[in-house]
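Several structures are given next for inspection.
In the two complexes that follow, chain A is the common piece, with chain B as its partner first and chain C second.
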Partner chain A sequence: MTHPVRFHRIKASVVAVVLGVVMASGAQVPSPEQIMIQSDDRFEGNDFAARVKLTNVEPDGRTSELLLEMKTKLREESRQAKKHRYKILARVLEPADVKGLAVLVWENVWPQLDDIWLYLPALKQTKKVVPENFRNPIFGSEFSFEELTEREPAKDTHQLLKTDKILGKDAWVIKSISKTPDVDGFSYRLTWVVQEWLMPVKSELYDKNDKLLKRFMTDEAKVLQNVPTRIKSTAENTVTGRKSTFELIDPKYDTGLSDELFDPKNLGK
Partner chain B sequence: MERAWVLVLLALSLGAEAFAQPLETLIIDETKTLEESVCVELLARALSASGFFTLEARFDIPVGLNPSGKQYDLIVIIPEQVRQIWLVTADVPARLPDPIRRALLFVRESATQVYSGAGSCAARQVVNVAEDLAPALYATVLAQSGWLR
Partner chain C sequence: MYQRALEWIVEHPKLVVFFIAIITVLAAAGLPRMQTDTDPDHMLSPTSPVRLYDEQVDRWFDLQDQIAIAVVSERHPDGVLNPTTLGKLYRIVQRSLDLEGVVRRNVKSFATTNNIISASDSLSQERLLKSDSPSPHDIEKLQRALSDNRLFKQVLISEDRKAAAIYISVTDEADAKNITDQIKQFIQDEGGDGADGDRFYIGGQRVAEDVFGVLMFQEMAVLSPIAGLVIFLALWLMFRRLRFTYILSPMLVAMFSVLWTMGLMIWLGIPVHIMSSMAPVFLMSYGVVDGIHILSEFSHKSRRSRDRKQAISETVWELRRPMLLTSLTTAAAFTSLYLTDIPPVRIFGVFVAFGILAAWVLTVTLIPALVMLTREQQTAARNLIEDSQGLLSRWLVRLGDFSLRYNKAIFYGGTAVLLLAGLGLTRLRINDSPVWWFKPGAPVRVATDLLNERFGGVSLLYIVAEGQKDDMKRPEVLRSFERLQKYLEADPWVGKTLSLADLVKRINRVWNGDDPAFEKIPDSQPAVAQFLLMYLSSGDPSDLQDFVDHTNYDKANIIVQVKNPGSAVMEQVVRRAREYLSANALAGVSFGFAGPGYFNDQWNLEMFQGMGLSLLGSALVVLILLMLDFRSITWGIAGIMPLAFTILVSYGVLAWAGKEFNMPIEVISALSLGMAVDFAIHFIDRFRERYRRCSHSRARLSEAMSWTTAVPGVAILRNAIILLVGFLVLLFAPLTPYVNVGGFIAAIMLLSSLTTLFFLPALIKTFEKYLFKEIQQNEGVKT
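Moving on to the complex of A and B:
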């Protein structure tokens, strides 16, 4: 399954290296399903910490900002299977009217849905919430859970369309056709996956008439501590003209975060 | 903006009396999704910031007798399915003491502001025990089981 930070955390992938070797040796290109699954499963460090600035830009130019503290930690049980899943903690730092609100996600392997807890400071309570509505906007932005994450590959059928250059890198362009377009609100998606990183850096959502609905673009990516990392991304609703940007501030991997941080019982502490 | 002024005026009208003894208020948040839960948090913050309410919360409507014996002046229920907010009091607002009546107005205004439908919280209608059967029924049940005073 997916989580709200995967879009911006990032996985250096053992699999990517293997695929790179396969490509270099002239062997067959991996299937589009393999690319999407292995991208979804990629390793993104043992743990990760950053602040995140989420900015919404309305069509009339008005802006609003949200500042989050974000921490992630690899679920040890997922390491062995190389289906890397993480515990993710996001806590609002600004603005004041939602400060202290915290979300904890424990990623699971599909078809088991993620476990999600929410800490509500005014109520001084932690509650477990239903992991549904992955298409709903998160924190009032143009990013939904699924867009901030990488959508579960099993929800689509995949076709490799072509190769392309993006951010100066070779990329596969994959067309993923939704199995449930009425639920998803789009018909298909094009995704640019950087071959070297096995990481999606651009995607576009289309309706059944090939009308572009939304575009997600990595504006800046870096390799940090051997982990390819999206530093800044933009989501644009091409129907309304509304945009959101997601920017990492001071990202660090492998800082030795404690498991206790990711215990739902400790969310309010 | 107009609603913000209404809240300020209501806050002023609540005055020192309400400050002296904040209303014991129980919020029952039956919502299940992240988005809806955040909206409940926004409402709770608005009430908490006013200083007129002492808030406690739970995530289900209690069944049976109140084991703690603690009674509340007001119970605010945010149901999962129905797009309403139920303001549950032991009596109809017209027969409640003035401070509680004015506090109810404050809750109504705050909830209407959060759930206007203009922001990220989908619209909900605020109803009290005199306006809808559901809060009236819960008022009876919760009063009998010792949750409301």
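Moving on to the complex of A and C:
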């Protein structure tokens, strides 16, 4: 799995290498599994920092907002294997009564589950969290953990449905059928992966009766410091009509973040 | 003009029948387009504050009606916590999630609900039941998760662990009957109810409502024709000397009035509600009333005259006033239902009133026309020799004599009964539930009783707190919920209450290594806020949404489960809650009430008050109509006495017997009012007419009375008997509202006819001086 920001960017060079391999092997389209795995494993800078505005819009129009501070750092041990994994820290800035609440994620290579810690400032305590699956919403939004970090490809079987144009770019449309629909709460997923960036920019979740349950869209993406980055995305629950937007403010790559920041012992500092 | 119209009808019977046939065919053509509406929310008008608030609360907290399913495993030593039963439960829930109309995110069961588990320094979140083949380890974990957890106990699992519950949330539009049928099929696929000692029960208010909605039309389709047949047989027995067509004619009037009314309703695009589904029964019975008067009088006249045209013209002419007046007063009584605030009752009232007027039109046109189209009565000669003092007449004359002789005693006795009954009315109590629309032993009723017994209760009340943004995170607010819940749970009918306070306490405990000492509200708002944000990220957010608006945290919902589906118990729970809240007000936070159980209570209350008002209103209208028609205040009052007597005594007896009221029983008051006044009008109108004719006689009163009881009195009694047997058919219905209607109307028929034939003569005799003053004065002027 990759971290939440990583799906916002990818180094053009990596894409070039991947595509070069693809071309060399007879201009064949990579298999849908390969596309999903390479997208999941892609390199997204050594570190990253931004603020995030997470807005929920209820079906009746009421809104609530959460302002977060987000930092990520590449796990050095994953650099060699080209299966890039990150440490991700999200800390609440607003509203005041939850200020300082922090979530720390250490991504791991499947089948090892990610390590997650939670820090509650009111109790000044950190706990390790072992979620059963990653369908849980992030801070009560319509984005689930899995939608932000990209779902582990091994959980599905993949088919290449077609190619499509999205955000002005060519994209593969991949149908991923869940191996555990009871646990996931959906039957299959369609993902639009931009070929140039090897980055998913849209996905749709369906139940077994082909009813659309959820739609996840990139509203704005741009290449920052050579990394394609999703600036703004929207998740919509098409059953309830509830929506959430995830918007980056001042995103910066490679600012030289220290490893100390990502130590669970330091979450209260 | 009336006479000219009557002549035209008698001269052109074929044309009359032709026109009526065309209208009837047009009306009947609409029947296949019939739409039905069984949504109980529609019992209150769309602008009613109770309904608006209820809908608002449903949106705030994403609440839906639920189909409650209990799985009971009595035989297994571990109760339901055994691999076989759990496997079935898992598969049934998974299959139910995909059904049309099921709100997947709000289905609560072992197979869909998550639990937060705490280890020494970590938290994990797990589905209570993860597969349909749980290992002993999984079951042990489930058992641990369920034990000592207030959020699950008596909600998902019974105290003795012999029963587990599944709550399937369904949309407003969903067909709960159809969903229930499919779930039954899933149970069948698992070996059926009873396999491996596992019993399944499907219940709750919503299931009752939707199953009732389907059954009521089936019942109407079966029972209406049977009632019709019984009425026809009774008619035939009474008038068997008349030609078949004559006997058939009142039946045709009734059937056509039903078709016209239902046809009009359907063509106007109005869906048929539970209330209007009863309209055919009412019209079927009322429709024959005037026809019976005509047949009675006609058979009496045709014995003396061989000219059928003259006999029928005279009959209709003589009966014109009472028939029109009775139709108007009964129509007015039903129209008065428009005074209630219950839309289905208003529609019912207006359309039954229309049907009654249609029946009047049909009576004065179709019956004479059919009589004219029938070949001359060959048996007239036999009729001539028929004893005009039939058994029934003789008996009634004797009854009338008795009433006149002991008039004082009867009057005082009657007045005493009236007062006693009136006193009983103060004891009236309304109590109803859609679940009770089924007889004891009906599956939905058995299931609901079982769910109420084993779990917290399936009748739901929502107590909604409203304050400013973030108020619901304040520890003192949560503690006030806690105290209110404790107070409410002291009531044995309240099986369970759950609120945000319970959830916060649970999270606090889990965060602190599952230490029961931490099952309390934290002391600071940030701690509550952080627990809740954490829960939103790691728990089951749909659980949180049941209890609080997590956009602004300005509203919270306290769910109160009541173990009795009736409105009376709910009323009592709400009263206690209101009392508590007014004595323990919390600054800045106000409380409101909603929920399916509360809604049921409210519309029943609304109905009860509305019916009281409408009854008074219609009694007043009837009184005015009577005074105008009789051109006498005293006769108007006399005319309304049988009505007052019938209604007060019938409802008084019910009240004294401790019988609780419900909608069908209340709506019958309009019919009984109409019927009682009908009998009185026919009696008084014909009596006064006779009294005038008997001016030569010294025993003027008793002579007029003898005739009235012998001729119109027989018609009245015949009417009462025919309707009585017709309605008794409903006693065999499997749905209690119809049984109640049938039994109660039968009793009212007896009471109102006997009041008219027995109490009214005594009353007239007692107040002879006042009543006949005008008649005597008029006569004095003439001479």
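To be clear about the criterion, the second predicted complex is superposed on the first by the 245 of 269 C-alpha atoms of A that agree within 3 Å, B and C clash if a C-alpha of one lies under 4 Å from a C-alpha of the other, contacts with A are read in each partner's own complex, and residues count from 1 in each chain.
Keep in mind that, in the parts below, a residue touches a chain if its C-beta (ideal position, glycine included) is under 8 Å from a C-beta of that chain, and two chains touch if they have at least 3 such contacts.
Computed from a predicted model, the values in this text were never measured in an experiment.
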Joint occupancy of chain A by chain B and chain C, clash or fit: clash
Partner chain in contact with A:58 - chain B first, chain C second, else both or neither: second
First (chain B), second (chain C), both or neither touched by A:229: neither
Which of chain B and chain C A:239 touches, first, second, both or neither: second
Contacts of A:185 with chain B and chain C, given as first, second, both or neither: second
Which superposed partner A:103 touches (first chain B, second chain C, both, neither): both
Touching partner for A:72 - first (chain B), second (chain C), both, neither: neither
Touched partner set for A:129, first chain B, second chain C, both or neither: both
Chain A residues touched by each partner, larger count belonging to chain B or chain C: C
Shared contact residues on chain A - chain B and chain C: 97-98, 101, 103, 118, 120-123, 125, 127, 129-130, 132, 136-138, 140
Touching residues on chain A, where the partner in the complex is chain B: 97-98, 101, 103, 116, 118, 120-125, 127, 129-130, 132-133, 136-138, 140
In the complex with chain C, residue positions of chain A that touch it: 56, 58-60, 62-64, 92, 95, 97-98, 101, 103, 118, 120-123, 125, 127-132, 136-140, 182-183, 185, 207-209, 239-240
Parts of chain B lying in touch with chain A, wherever the complex brings them together: 27, 29, 32-35, 37-38, 40-42, 44-45, 47-48, 55, 57-59, 119-120
Of chain C, residues touching chain A in the complex: 59, 62, 94, 98, 104-105, 114, 121-127, 130-131, 470, 473, 511, 522, 524-527, 529-531, 533-534, 536-539, 541, 544, 550-552
